[in-house]
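Encoded as structure tokens, here's the structure I'll be asking about.
Letters are used for the chains, namely A, B, C and D, taken in the order the chains are written, and counting of residues starts over at 1 for each.
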Amino acid sequence: MKVSIIGATGYAGAELLGILLNHPEVEVAHITSESQTGACISEIYPHLRGFYDKKLSSMTDISQFADSQAVFIALPHGHAMGIGKQLIEQGVKIIDLGADYRFRNEAVYEEWYKVSHTHLQSGAVYGLTELYREQIKEAKIVGSAGCYTTASILALAPLAKGGLIDVKSIVIDAKSGVSGAGRGLSLGNHFAEMFDNLKAYNIGGHRHTPEIEQALTELSGQEAIINFTPHLIPMSRGILSTCYANLKAGVTPEEVDQAFEELYSQEYFIRLLGRGGYPAVKNTRGSNFCDLGWHIDPRTNRVVVVSAIDNLVKGAAGQGVQNFNVMFGFQENAGLTKIALYP
Amino acid sequence: MKVSIIGATGYAGAELLGILLNHPEVEVAHITSESQTGACISEIYPHLRGFYDKKLSSMTDISQFADSQAVFIALPHGHAMGIGKQLIEQGVKIIDLGADYRFRNEAVYEEWYKVSHTHLQSGAVYGLTELYREQIKEAKIVGSAGCYTTASILALAPLAKGGLIDVKSIVIDAKSGVSGAGRGLSLGNHFAEMFDNLKAYNIGGHRHTPEIEQALTELSGQEAIINFTPHLIPMSRGILSTCYANLKAGVTPEEVDQAFEELYSQEYFIRLLGRGGYPAVKNTRGSNFCDLGWHIDPRTNRVVVVSAIDNLVKGAAGQGVQNFNVMFGFQENAGLTKIALYP
Amino acid sequence: MKVSIIGATGYAGAELLGILLNHPEVEVAHITSESQTGACISEIYPHLRGFYDKKLSSMTDISQFADSQAVFIALPHGHAMGIGKQLIEQGVKIIDLGADYRFRNEAVYEEWYKVSHTHLQSGAVYGLTELYREQIKEAKIVGSAGCYTTASILALAPLAKGGLIDVKSIVIDAKSGVSGAGRGLSLGNHFAEMFDNLKAYNIGGHRHTPEIEQALTELSGQEAIINFTPHLIPMSRGILSTCYANLKAGVTPEEVDQAFEELYSQEYFIRLLGRGGYPAVKNTRGSNFCDLGWHIDPRTNRVVVVSAIDNLVKGAAGQGVQNFNVMFGFQENAGLTKIALYP
Amino acid sequence: MKVSIIGATGYAGAELLGILLNHPEVEVAHITSESQTGACISEIYPHLRGFYDKKLSSMTDISQFADSQAVFIALPHGHAMGIGKQLIEQGVKIIDLGADYRFRNEAVYEEWYKVSHTHLQSGAVYGLTELYREQIKEAKIVGSAGCYTTASILALAPLAKGGLIDVKSIVIDAKSGVSGAGRGLSLGNHFAEMFDNLKAYNIGGHRHTPEIEQALTELSGQEAIINFTPHLIPMSRGILSTCYANLKAGVTPEEVDQAFEELYSQEYFIRLLGRGGYPAVKNTRGSNFCDLGWHIDPRTNRVVVVSAIDNLVKGAAGQGVQNFNVMFGFQENAGLTKIALYP
């Protein structure tokens, strides 16, 4: 089965290429880049030498995708919906790793992303596989979940769904490796500036906020409004999300444990470290796993859930492939059997 | 003026040596270590070669401190109070960098540290200089504030003191470089394990929790019970503390700004980055500064304060020297004029 | 086909487990540890959770290996030859990742390793696959090449074999990530000590020296005596080896290029970046590739060859599996199709 | 005494500001930047907040320097000689941290730097203080030595001067932290690309080569032609230079030791770790020290000298201030008494 990748030169695109290489059912037909059209991907990413010596085409030649049953889009927000609309009209299924197809209510997208949405009512399904699997099976477009959002929603979903927490009390303090900021150059991500450094950014304004709120609102049936604070950590990959919420009166520790077990015990990619467990990003590096541990502080009656993922795998390309596998009826972990690179 | 250091071979002790070297009023008389008595400090820390080629003595020879007007203690908790009692009886002033003298209520110490306190009613003053300066001037014993606590209390003090926040709603998510865990070997701090890694630890149980609560309770006049979560970050030094609290109804952003200005505008070691400011640990590395920025999220009516310090300087040795300067009437920044090593 | 791993709790053992998981022809039967017998491997390495929840046995129960056609040994030097002798007598084939079976002349081993050899004339073959493939096919014991040695020998083999360099003039300056020093705790590998640090060690005395000399002597037909200097670099994985040699008079750049092409153009795991190429360890991280680039300095008539590998893959576990594949007639890259984790 | 800094916004310029802040004899009058004229230096480097809230002027207003007795220039090569010529005509003394004034033979400069020299026969003195102190005392222009060159020349000077090595046999393998590449953005120095990475660059062509050769030729009285290979290491600061040379026949280890002792035993900034010593960059970080250790390999009759410095201090700004102190008769370590930031 042939698939293509639009926007193959960013980190998520490169990760996709690495994953699909070991996918038993897939061949990559076309890879595109608007800024480096005509270049060979292995010149841009020498670690791909010998595997992908393909030339990059331009996505504007829409006819090339006729041979592809699915197209992965890894473009900055605002750029997927145009090409997406054309592809859908050609009958191609889409897995978008960006934000364009993540919101049920496009007005929320427009408010946070400051872009008019041009592909309204596309029927897109939100692509956090563990929580939206049934809908993803039927979807033609999946708006694959963001990196911070995957880590944060998976951490809180059992509690929100189980009605165990006050969804107005949620504080999410998330920490990401620098690859999350992409391959574009900036002083803040210059090695000598970011090495041995640590900082918060976009407090109160990060665009993953409404995405987390959308999911927690749906899961809990109550309007969730949260505090979300992202931080940059001096490492390449990995997200740790530390999530705080007030337990509702009378909720017991056992009920909390049970909520996690019920929702996740059958999930291949979620590893429950249990109450008192401490996920570490290194145990997920390069893999599609999400590790979860939770803690209850009786002094404040708050629950603290910690989640760890690799931002480029479960937070981007890996989850995209997981969604793709669900859409096409492949084994959900096809191409995703790598364990973490440790140490 | 002669001073001595008890416990000179840990990271805080070594940092003290580096600071006192450039202190215009001080000569280091004795340095001690129980595990490496007789060794030369510059064999243990080669960066001190040529500056301190002194031999380490044992603290048990209490008479050696007769020539010292002040003694800095940098021992693990539980070990300072014994020697401290003896030194006080000899008329020596003490700056303890550990936990033994930080608590007004020794029962709190005993509960969290699982040690009986043997130097009750010592008259020790809590050594967070900016907030307890007047008492430090008169003190014979100063229990210098901890690293996480310094970063966290300085961040929240203006709001607690000003009555602007609900002190029951406080969540502190703190991140520290690995030197905070000391020089003792452990698998978790083995380079290959911790590099490119990130994790939380001691959720709900870290011993800096009651220290923060003690200060915030005193400042606010209301019992503060908080959530405090420490994290290990793959860098040598530095703490970033991200502090969340609910604003009381009707508090305006300008009142928040004013609270910071009022408390800190005359403080040499506190740099206000203002509302919307983002401290970065790299700007404080190797210096005694604390950088503060704050943010108000109108959607949740929470305030988020971010503070950055160097855990071994403002969080340990530097603050110890700052307290010492206040105790002896020296210029408060004597020996502490280094700016950050950047990049 | 069943295989076992003796010494599964070191970094090389853990890497082997990760690789064999994706090997299409292999099932891991037994894993051993003398220091942690009875423990579950996934408690020791949480990234293996769900994949290997096996208990560790003791290697002293030799009968357990009766079901295994091959045993990988990942023990410190001096510990493989005893168990190795017993296994061979049982008809099990051995791939040893340590030093015990690497030397044709056991006296050299004894001189550098300060251990008496107890399994003389074992018929072991040196396990640097690309250079000794034909002998490995027939071997019952393979002494898989070391990490620094693999990087260094592969860099210089074409020139030594082609007679293009003076083998008395060789200087090898090698740099390794800290995982090369193993999982055992030491102050030098404590995170806060090694982070942001860089140093040489064992100058003139590193035990990989005679191993490199053995191979270069065989390849060139002349006694090679070299300078080898290892360095520790603040990163988890990866070796970069920078190798200098005097070109023989009259050797042209084209002859140098041709020597690399001839020896390696058909090799799957060797990627030639060509004259002027600059390997970077990140392009090999987590993969079994060795990247090579070479440079000729006409001012000094020296050739400089740079090689990059992952020390735990091509430098240890990956090469062990590559040797295993050759021994048993599997496809040489079975289980080894992962590309580098980038960035 | 007033001094000014031309080119204050690069890393060397910022380091100069930090050093001069603690210099007892100096006040900084003017700081310039052509790209950020009018901006406040503490906006560009927030760690300077409160110390230097000066605005950056343009160097083209030459008259502003009339109040300065000395001007430090920290511009890219090719840019110092124009302004330098004008300043000299005004009677201002110059310490240039760049390459323009480092070469006695300007033709060598022009060949390696591809720029015409416009300030010929300026009388500039080469600014490696320990080796050229007497000339620096009288100099009006000092071309302060480069970072790699300082580490490499100091390592080999005793042996070259003592006639103990064959200067045609020298191989220098140098490793630098990424700040050495400056603050300009490039993909190679993007955090996610360089973290956990390691690579050589400019083999055979780095511009520090002729500078090292110039010094070693002068010291030895014989034409030195060397191999110099720089590498980028994933850390902010620090250079380790590993230098190899053939010992002349009959040279004894004691003669080697003596050569180091004779040349350096009185030098404040050079710390001899002795034969068998292993410098580590962390012991020099943030300080102006150069640590040296040497090793003799009897098997190859080569000497291996390892040196460690901080590239921005002894390799740039610190050495500039050391030269300045010598030029003006201040104590040589004025402003330079900081020890390393450790860990």
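Keep in mind that, in the parts below, contacts are C-beta pairs under 8 Å (C-beta built on N, C-alpha and C of every residue); 3 or more make two chains touch, one makes a residue touch a chain.
As the structure is a prediction and not an experimental result, all values here were calculated from the model.
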| item | value |
| --- | --- |
| Greatest separation from chain A - chain, by CA centre | D |
| Chain pair repeating A-B, as identified from B-C, C-D or B-D when over half of the contact pairs by residue number coincide | C-D |
| Mean-CA-position distance for chain D and chain C (Å) | 38 |
| Whole-Å gap separating chain A and chain D, where each centre is the average of the chain's CA atoms | 46 |
| Centroid distance [mean C-alpha coordinates] between chain C and chain A, Å | 36 |
| Where chain C touches two or more other chains at once, by residue number | 11, 179, 192-193, 195-196, 234-237, 280, 282, 285, 343 |
| Complex interface listing, chain A residues touching chain D | 11, 177-179, 181, 183, 185-187, 189-196, 234-236 |
| Touch list for chain B against partner chain A, complex | 168, 171, 173, 175, 192-193, 195-201, 203-204, 225-227, 229, 231, 233-238, 240, 242, 244, 278-282, 285, 295-297, 299-300, 302, 304, 306, 308, 343 |
| Of all residues in chain B, those that touch chain D in their complex | 11, 14, 18, 21-22, 45-51, 179, 195-196, 236-237, 271, 273, 280, 282-287, 291, 337-343 |
